[in-house]
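Common to both upcoming complexes is subunit A, partnered first by subunit B, then by subunit C.
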Partner chain A sequence: MIKDFEYSAPGTLDEALSLISQYGEDGKIIAGGQSLLLLMRRKLVAPRYLVDIKGISSLDYINISENGDLNIGALTTHRAIETSREIQQKFRILSEMEENIAAVENRNWGSIGGNLCHADPVGDPSPVLVALNARLEIVSVRGERTVAVEDFARDRFYVNLAHDEILTEIQVPCPAPRTGSKYTKFSILEGSFALASVAMSVTLNAKSDICDDVRIALGAVNSTAMRAREAEEVLIGKEITDELLEKAGEVASGEADPIGDMRASAAYRKELVKVLVKRVGKEALLRAGKDSWEGSSAKSDGKVALLGRR
Partner chain B sequence: MKRELKITVNGDLYELYVDPGMLLVEVLRDRLGLTGTKRGCNSMSCGVCTVILDGKAVKSCTILALQANGKNVTTIEGMANGSKLHPIQQSFIDHWAFQCGFCTSGQIMAAKALLDENPNPTREEIKHTMNGHLCRCTGYNMIIEAILDAANRLQEEVK
Partner chain C sequence: MLIEGKFTLKAPIQQTWDFLLKPETLAACVPGAEKVELVDDRTFDCLVAASVGAIKVKFQFSVILTEIDPPSHLKAEGSGEEVNKRGTFTMQLTVDLKELPEENVEVYYRTDVNIVGNLATFGDRIMKAKARQVGVEFADALSRKLSGEEVVPSTGLKMGAGEVAASIAALPAEKLKNVFKRK
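Showing the complex of A and B:
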């Protein structure tokens, strides 16, 4: 049984915004609650007022515009993103990431916006959205603003969101031509928390296989998802080879600052980053349209073979 | 302050007043007496509390009862038709897919949601969909066999 609170379930975003601006620090928003209710049950969070926005259907949508930008309403469930044909075709990295979040029961109820606002450092959407250079739309009675996903999580379980603000939309720009992206998390069991994860989006030059741009995001190895900027520098402007990816992995591993806990030591997580950057990088390059991969054993799947994962 | 909750469970409409902090599993078990849905880890790790909410499998330990207001819930008690077991239930018996039975109602509800959505799943699809369910008795293989067989039985019924 959870500590008592006052509950409201506004039907519209405007009503929700006006309620949370009245409640200030005493209020808390719940969407699917797949993270928040665990914290409330353990009395780590005990709001006086709980504003349930799960039923606000205007924040539940997936929309790809004519120019190819993707907009996802914050209350869209993980499962809806996972099973969206359009996302599977045009933003494959997102649907692949979603299908390995927790269990289908959690994905049926939990929302992408709730996941981002919870800001668990082992969360899967953050590193992927950082690699895709996504932005978030945030609304309050005072107005609206956007923030890069990269700048949203400030620390573990702490985000750049005032008490009167609601995250309303995730905005993913259309990838440039010859861009490929890939995400892999390493976990002991399918669907469980990442010990380390890497998302990479790489853009190749129109006329050659030179890497024009790359974004590498690491998950579960810092207090928030982080860019591996030095590793990106290793790759930009060059034709990416096995050796270069190896180097990028080593550099990224040096940038990672993981904790050690019951699941894995810090040293092991750093080692995982080194390996994952290489694997993820190869797959991202193939998806970007790099014709061949010298020394590649044609394992384009790029998934981690562990304990019979699919 | 207690709030009104209107909820349809296994086809019956219930109207009751609940504390906002009450979870769906608590309402089902403690207020409606539907104890087929089990309480296990209480932290959405084990799957024994799985019910079907408006057609989707969810974990009732991590949903506020009030979030199910106005919705339709199916629990294990809603599976059999009188004394005739649902094909998934019969298949679990025939394949020895449970021993102690504690995880079974959650497993069956998850299997029901899976087969409603995908009537002919592969073994891999079953494994992936059922990965949120722990069973300490069977070693899982019999559960997978039971679901594969249930899919056949359900398709036979349709014919």
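Showing the complex of A and C:
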């Protein structure tokens, strides 16, 4: 049984901000409840005040500006991102990632902002947004600030967010020309927790196939989604070959610091990182417009290529 | 759920052994320890808090030393409950000390914990991760205390989000990036 709490459902952001600043540590925001309710039902979390922000429609939007930047309101559901035509066309990695989060029922109700604030280290949006160099807008009665997604989660289930702050917007910059990105998670059942996941965004030089920039993010192999910075260094400034990707995979695997649990051992997760970096890297390069890939039969479209296990 | 780990301390093995079994050492070095008391020569009574994100728990339990073989081996059994009735647990603990060259001691521990109740549904992926974190913090505090440093008992709770935000608000934006850079 859930412990008693006082429920309020403010209709505007201002109202919500003033409520949570009043409640402080005793209050908790609910934005769909796909994660929080599970904890409350098990009495692991028992807030005295629950502020339901689901009804604040001003935080539910997807906008792509003229210069190509993407802004997503924090209350946008996973399903809305998954099915947005604009995102499918211009930020395909995001819609592909959403397709494979839990079940459609969860995606219909859970919000992207709630997912990020819950900061489960196995969460899918986090590594993808880290690879895309996204930022978060955070608002409180004291003012607003932005923080890079990679600096938002500080530990398992613990984020850089004060009790009186609300995450309002996810800001994804327009990718540079010749940028390709790809995310893959490896899980036992489709849509279930990742044993390991890798998101990569590669930018190639305008005139050659030299890698100008790359961001590699690993999920489920540390206390939060993490950048594999040393692996990035392996690739930057070079024309990426099969061998180089293999090397980057090995380096990334060394950077990962997973725990072993009933789903998979730590060593197995590290091995997955190695394999996934290579797999994801190839696809990201193809999407970035690398002309040829020796021996590659990967097609850049079709769902089959999206799933880690196939 | 099996939790094991090892760490190295710089001290003679006998000194490490004596030091390790003092209640005041444990109280100062176990992250979140609010109470560690020796009830008789083999039994410790403990109260330890821990948190993962918004989940905060407090365990009340006793540990009985069942096998003592100074200065290198001990076995213990423990049992207790979460103070808000969110779970009960039993555990078996083995600790082995091994002498290394240059007065270093390797401490190896292995615990088999069995949790029942709401907490158990939380999943071993989180508890194991937390246990590893606690193990690392404990080893760190122990080694500092052994070298004579004053160790303030950790609360077991991280810095509150409000304090984080206050410290952020006080910083200029360009410094923020460094603050949250991991490592």
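To be clear about the criterion, the second predicted complex is superposed on the first by the 296 of 310 C-alpha atoms of A that agree within 3 Å, B and C clash if a C-alpha of one lies under 4 Å from a C-alpha of the other, contacts with A are read in each partner's own complex, and residues count from 1 in each chain.
Here is the rule we go by: a residue touches a chain if its C-beta (ideal position, glycine included) is under 8 Å from a C-beta of that chain, and two chains touch if they have at least 3 such contacts.
Note that the structure is predicted; figures quoted are calculated from it, not measured.
Annotation: superposed three-chain arrangement on subunit A; subunit B versus subunit C shows no clash, the two fitting side by side.
Applying the stated contact rule after C-alpha superposition, one finds that A:165 touches subunit C and leaves subunit B untouched. Contacts of A:54 after superposition: subunit B is touched, whereas subunit C is not reached.
In the superposition on chain A, contact of A:39 is made with subunit C only, not with subunit B. Rounded in steps of 10, the angle subunit B-subunit A-subunit C defined by Cα centres in the superposition reads 100°. When the two complexes are overlaid on their common chain A, residue A:28 makes contact with subunit C while staying clear of subunit B.
Shared-chain residue A:156: touches subunit C; no touch with subunit B.
By the touch criterion defined above, A:147 reaches subunit C but does not reach subunit B. Within the superposed three-chain model, A:260 lies in touch with subunit C and out of touch with subunit B [touch as defined at top].
In the superposition on chain A, A:103 makes contact with subunit B only, while subunit C stays out of contact range. In this overlay, which is a superposition and not a single complex, subunit B and subunit C have their closest Cα atoms 10 Å apart. Subunit A residues in contact with subunit B (one complex) as well as with subunit C (other complex) do not exist.
Interface residues of subunit A, counted against subunit B in their complex, comprise 1-7, 9, 30, 33-34, 37-38, 40-41, 50, 52, 54, 79, 99, 102-106, 108-109, 189-191, 310. By the touch rule above, subunit C contacts subunit A in their complex via residues 52-55, 84, 86, 118-119, 121-126, 128-130, 132-133, 158, 160-162, 164-166, 168-169, 173, 176-177, 179-182. Only residues 1, 3, 19-23, 26, 42-44, 47, 50, 53, 56-59, 62-64, 66-67, 69, 110, 113-114, 124, 127-129, 131-133 of subunit B touch subunit A when the two sit together in their complex. Across the complex, subunit C is touched by residues 24-25, 28, 39, 42-45, 118-119, 121-122, 140, 142, 145, 147-148, 151, 154-165, 223-224, 226, 259-263 of subunit A.
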